[in-house]
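Below, each structure is written out as structure tokens.
In the two complexes below, chain A is the common chain; its partner is chain B in one and chain C in the other.
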Partner chain A sequence: MSAEVFSVFYQFADVFAFLILSAAGLAIVFGMMGVINMAHGEFIMCGAYVTVGLVNLGVPLAIAQILAALTAGLIGVAVEFLIVRRFYKRPLDSLLATWGLSLIVTQSMLLIVGSAVRGIGTPEGSFAIGGYTFSTYRLVLFGCAVAVLGGLYIVFMKTRFGVIARATMQNAAMAKALGARTGRIYSISFGIGTGLAGLCGALYAPTMTLIPTMGATFVVESFVTVVIGGANVLLGTAPAAVFLAMIRMALNASYGQIIGQIGMLVAVILIIRVLPEGLSSVLVRRGR
Partner chain B sequence: MNSGRKLGMVLLGAMLGTAAGVGVARAAEPLLKVGLLEDVSGDLAFMGMPKLHGSQLAVEEINKSGGILGRQIELIHLDPQGDNARYQEFGRRLLNRDKVDVLIGGITSASREALRPIVDRTSTPYFYTNQYEGGVCDASMISMGAVPEQQFSTLIPWMVEKFGKKVYVIAADYNFGQISAEWNRKIMKDLGGEVVGEEFIPLGVSQFAQTIQNIQKAKPDWLLTINVGAAQDSFFEQAAAANLNLPMGSSIKVMLGFEHKRFKPPALNNMHATANWFEEIDTPEATDFKKRWHAKFPDELYINDMGYNAYNALYMYKALVEKAKSIKLDDMRKVIATGDACIDAPEGKVCINPKSQHTSHRMRLISVGPKHEVKVEKDYGTIQPYWLGEIGCDLTKKNDKDQYTPSHLPKKS
Partner chain C sequence: MFKLLEGPQTLGRGKIFWSCFLAVLAGALTYPLFADSYDVGNFAYFLIWIFMALGLCLMWGYGGMLSFGQTLFFGIAGYGYGVLAINMGGGTATIAALALSVVLAMVAAGILGYFMIWGGINGIFFGIVTLSATLVLAFFLGQTAGPEWHIGPARLNGFNGMKGMDPLAVGDFYIEGSALYYVMIALIVIVYLALRMLVNSGIGNVIVATRENPQRAEMLGYDVRKYQLLTFVIGSGLAGLSGALYTSWGQFITPSSIGLPAAAMPIVWVAFSGRSDLTATLVGSFLLLFGFQTITVYSQQAALVLMGALLLATVMLAPQGFVLGIGKLAADWWSGRRRRDDSPVMAEAGRLQSEES
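Showing the complex of A and B:
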């Protein structure tokens, strides 16, 4: 019996980690900053490829993953400076620009690195409970997802940067008038967002096939989570992920992956219909 | 001649996925136009790239040795990027605008079924070069790959005998996966086995923790893995990490997706497949073929069976046209009807079956070891694509233009 209980928790943790890690970066870039970043998946791919490249050079996995996230973050800062900055007042054009970027990046990777890269293998470690065996690394992913949420909370709620960043997102002109360097805030926020996307790719790299279009498998889940979460990263994304993970896990377990995916998307449609501002609109109102 | 610039244009054209049709005519005879639709970008690019390469190698060799009926071949390749709508659009363009003499290609069965009605409205022959779930009875189509009676009727009884009667199926959720699963049900029933679970996975799904647990709950003796595409292949890595450790069988793994080259050992340990081609074949003919391939494409990770079949397709076309002394489909089909449409392929002699227009193949059962070494477990010799003929498809008499499955058989007339 305890094996069944644990397995339910494990499956929930697995879906939850996938949703949080793939959505965390987008929650900042899209949820807070309002940039529809169609290249989100490519930042995830970047994190995965850098991780695999570094591991093949002999760098230990954990360090490679941190470096990969930093790389994606730095590239994000550069992309913000060169492209995204010009589109803050034209959100639909930013969609086109980042989509173009995404096409260019995937095709360039295909031409330069090739159509498939050999994987590095998931770190050893599995354990058995009852008749089931589980991969330890999946629990590490869950731990990382919780740590990412905690880290975001501290950065955006407890630091001076966080206060200024939130002020800038709410009313850039007013924040500027009060002396905040909004350009730099946007840059850093975008970098944190893409860095978290890179972290997602880095963490999932050992468990997946590496191809240039691999980011696409994360994109639907990440947008869906952020959209139903709403504008508030912390009060929106986390409950959205919990909610979607419960639905998906239950349906996956009883009816298989197809129904799991359909059910999750139906739930999303219903929520957007009832709460167009996302879950955080309710939670924030209640909180005040 | 500024052939350098022309080559550049060809490359540029291929990159942009547009018509790359610039050839240099050597003889006075007009060029033979070969239309090729293969994905070299998108999710299936890693499988499609060897198909393009196999076609290019065959065209180069045939052109060097004098072409077909003295005519040089012009290969027009378009990249549908794994999108079925683009398959249709590009198929129409090749057939109606470029007026190709033969159409080759398509990776997934979904793309083939998207193309077939368009081909059927023309009198252009179409070669499908993949192994697939079988059953297409269509006079316009010549199938070069292996079919279930060559792959499943060999593999499944062997797996049952060796590992046990309980199987769990993981299949991609589209026509290939659904019909292959149906074949498995039929063969397992005939053998007195039991399908303890079947899971159909939408394309693009990459997370399998729940599937792995469902498998452990059902306690099968072995797995039939007919999952498709890079995302779904992540199953193997995740199953190995969770120490699932079950024997696996498949009609598409190893020789087609070269998962044993793409994943770190031992993710593919204990995988079994039946194949007419895999790169590890070491007969003299195969070795010679591999040498020519790697000389032209030194970076090829693996020569997969699709790429190999794509190469054979051009030689089969050449054989048919030269025996018929005509490039008309009807004349070529008269040659097929004699049962004498054969080529000496790197696997050995292969022939087109007159009733179904599918190809006979020498089938071997291979297994993958813990270090991802490939071993031949059993050699079945040449197996005919007999199933369609048995159920009543006879293209020498009637063009059904249909795809049959064990549960969708021709109406008795």
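Showing the complex of A and C:
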């Protein structure tokens, strides 16, 4: 019996980790700046490629993954400085600009790197409970997702940067008047967001085929999680991921991946009819 | 009723504009007489996409709803036409298949639009919800390779796409080549003029008022949601028309014409052209399609990189659109020289003509 219970938890954890890791970066950027980074998938792809490249050079996997996340974060800061910065007052145009960037990056990668790169294979290791065998790496991913949430909680709730960032989020003009350098806060937040995207790519790189268009695999999940979650990462994205993971898990188990994805989308479309500002609007209102 | 052809919502008025319009039309109509049939087929191919661009222009430029889902409805109608044409048999029934598939796309748009618009989704989320739906449809169709995925005798066929449907036909006469080209020209003229009349009518004014300030429009007593839904259904239906015509043109359709990067293309055309005007969108989309096709022959990736760069350049340098901007500049120069208030779009109309002859 406990094996069945664990099996359900394992499937839930798998989907939950995927949703959190793919959406966290997007949600931070949206929450702070009200901007959706359409090149989110390309930062994920960047993290995956850097990881695989470094591992093929002989760097240990875990270190390669951290370096990949840092690389994506630094590129993100540069992109913020060069492009996104101009569009904080025109959020729709920021969508178009980052989409243009996404097209350029994906297609250039196809031109330069070609369609497929040799993967590195999922780290070995499995354990058995009852009659079932489970992959350890999937649980590591779940641990990472929880760690990301915990880390974000500490950064945004317990540090000086977090206080200023939340102040900027609530009222940028007032925060600026009080001496916060909102421009710098924005670029750091954007860097954290793209760094988390890079981390997502780095963590999933061993489990999938590397192709320049791989970002598209993640964007639907990250979009719908952010749409349902709303502007608050901790009070929105996390509960949204729990909720969507339950729907997805139930449908995946009985009907397969694609029906799971369709079911998730349908659930999202039904929910926005009732909660257009996402779960966080309800939870934040309750909290006050 | 024809008074509505010109008005505050559309650029281009007066005798000069309409003579240019007629000149371009005449050029387009005589084009097959002195071009070889391959080029005519290619031209018909460019024209297929114009409906989709005009639909997006209506939704985004006039209605203020940035839909990333044009290829979703393109795909629904494209696959719809295929399934219907295969199931109903060829011949005149294909005309019914075309009409039904466009209706299917509009019904789908009505359902999706209802949940989004009545839910109060707007701005950024409108874009990403429509894009999510688009990508999910593309993923779904991509994994329908097995023989169990069929509707009647029509196999969906996964990534390789559906094929084997008849092209549009009347009785035994297949509408292909020059005939298809003339059908396209006729449809574009009808759609273009009808959209001009729509946006200059009372309904169009409410649509534009909603874009400018939804609350104010609501206070004036309009149920803006109904107008938004109407705009969304018409705009998406036009994407559906493109999809059905595309399937009929090539007798195949694949999921790659729905997913990324295809979904970005209508956005690039309309943003580059100038979303706030139908004529600019018509001319600009045509030019971009022409350029894109020319480069695609050498490298599809390079053409897509260029499209991405154009999108980025447009929002950074000319957020209102390049064609519209150039058209306005040319018109200023023209009116400055002639000391007369001429039609701003004339310069662009002239360019379309030179492109064609």
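Please note the rule applied: the second predicted complex is superposed on the first by the 288 of 288 C-alpha atoms of A that agree within 3 Å, B and C clash if a C-alpha of one lies under 4 Å from a C-alpha of the other, contacts with A are read in each partner's own complex, and residues count from 1 in each chain.
Throughout what follows, a contact is a pair of C-beta atoms (placed from the backbone, for glycine too) under 8 Å apart; a residue touches a chain by one contact, two chains touch by 3 or more.
Small disclaimer: the values here were computed from a predicted structure and weren't measured.
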Checklist entry - chain A superposed: clash or fit between chain B and chain C? => result clash
Checklist entry - Which partner does A:M249 reach: the first (chain B), the second (chain C), both, or neither? => result first
Checklist entry - Who does A:A62 touch here: chain B (first), chain C (second), both, or neither? => result neither
Checklist entry - For A:T207, is the partner it touches chain B (first), chain C (second), both, or none of the two (neither)? => result first
Checklist entry - After lining up the shared chain so the two structures overlap, which partner does A:L111 touch, if you call chain B first and chain C second: first, second, both or neither? => result both
Next on the checklist: Touch test for A:M157: chain B only (first), chain C only (second), both, or neither?
Outcome noted: neither
Checklist entry - In the superposed arrangement, which partner chain does A:A147 touch: chain B (first), chain C (second), both, or neither? => result neither
Checklist entry - After lining up the shared chain so the two structures overlap, which partner does A:L178 touch, if you call chain B first and chain C second: first, second, both or neither? => result neither
Checklist entry - A:I258 contacts which: chain B (first), chain C (second), both, neither? => result both
Checklist entry - If you stack the two complexes on chain A, which partner ends up touching A:S102: first (chain B), second (chain C), both, or neither? => result second
Checklist entry - Once both complexes are aligned on A, which of 57-65, 93-101 or 327-335 in chain B overlaps with chain C? => result 93-101
Checklist entry - Shared contact residues on chain A for chain B and chain C? => result 106-107, 110-111, 213, 216, 258, 261
Checklist outcome for this item: Counting only contacts in the complex, chain A reaches chain C at residues 30, 34-36, 83, 86-87, 90-93, 95-97, 99-108, 110-111, 213, 216, 219-220, 223-224, 226-227, 258, 261-262, 265, 268-270, 272-276
Next on the checklist: Can you tell me which positions in chain A touch chain B when the two form their complex?
Outcome noted: 7, 10-11, 14-15, 18, 106-107, 110-111, 114-122, 125-126, 128, 131-135, 137-138, 206-209, 211-214, 216-217, 249, 252-253, 256-258, 260-261
Checklist entry - Residues of chain B touching chain A in their complex? => result 15, 40-43, 45-46, 48-49, 173, 199-202, 204-207, 209-211, 213-214, 216-217, 219, 230-231, 233-234, 237-238, 240-244, 261-264, 267, 299, 301
Checklist entry - Taking the complex as given, what residues does chain C use to touch chain A? => result 66, 112, 115-116, 118-121, 123-125, 127-129, 131-133, 135-136, 139-140, 143, 259-261, 264, 267-268, 271, 299, 301-302, 304-305, 307-316, 319
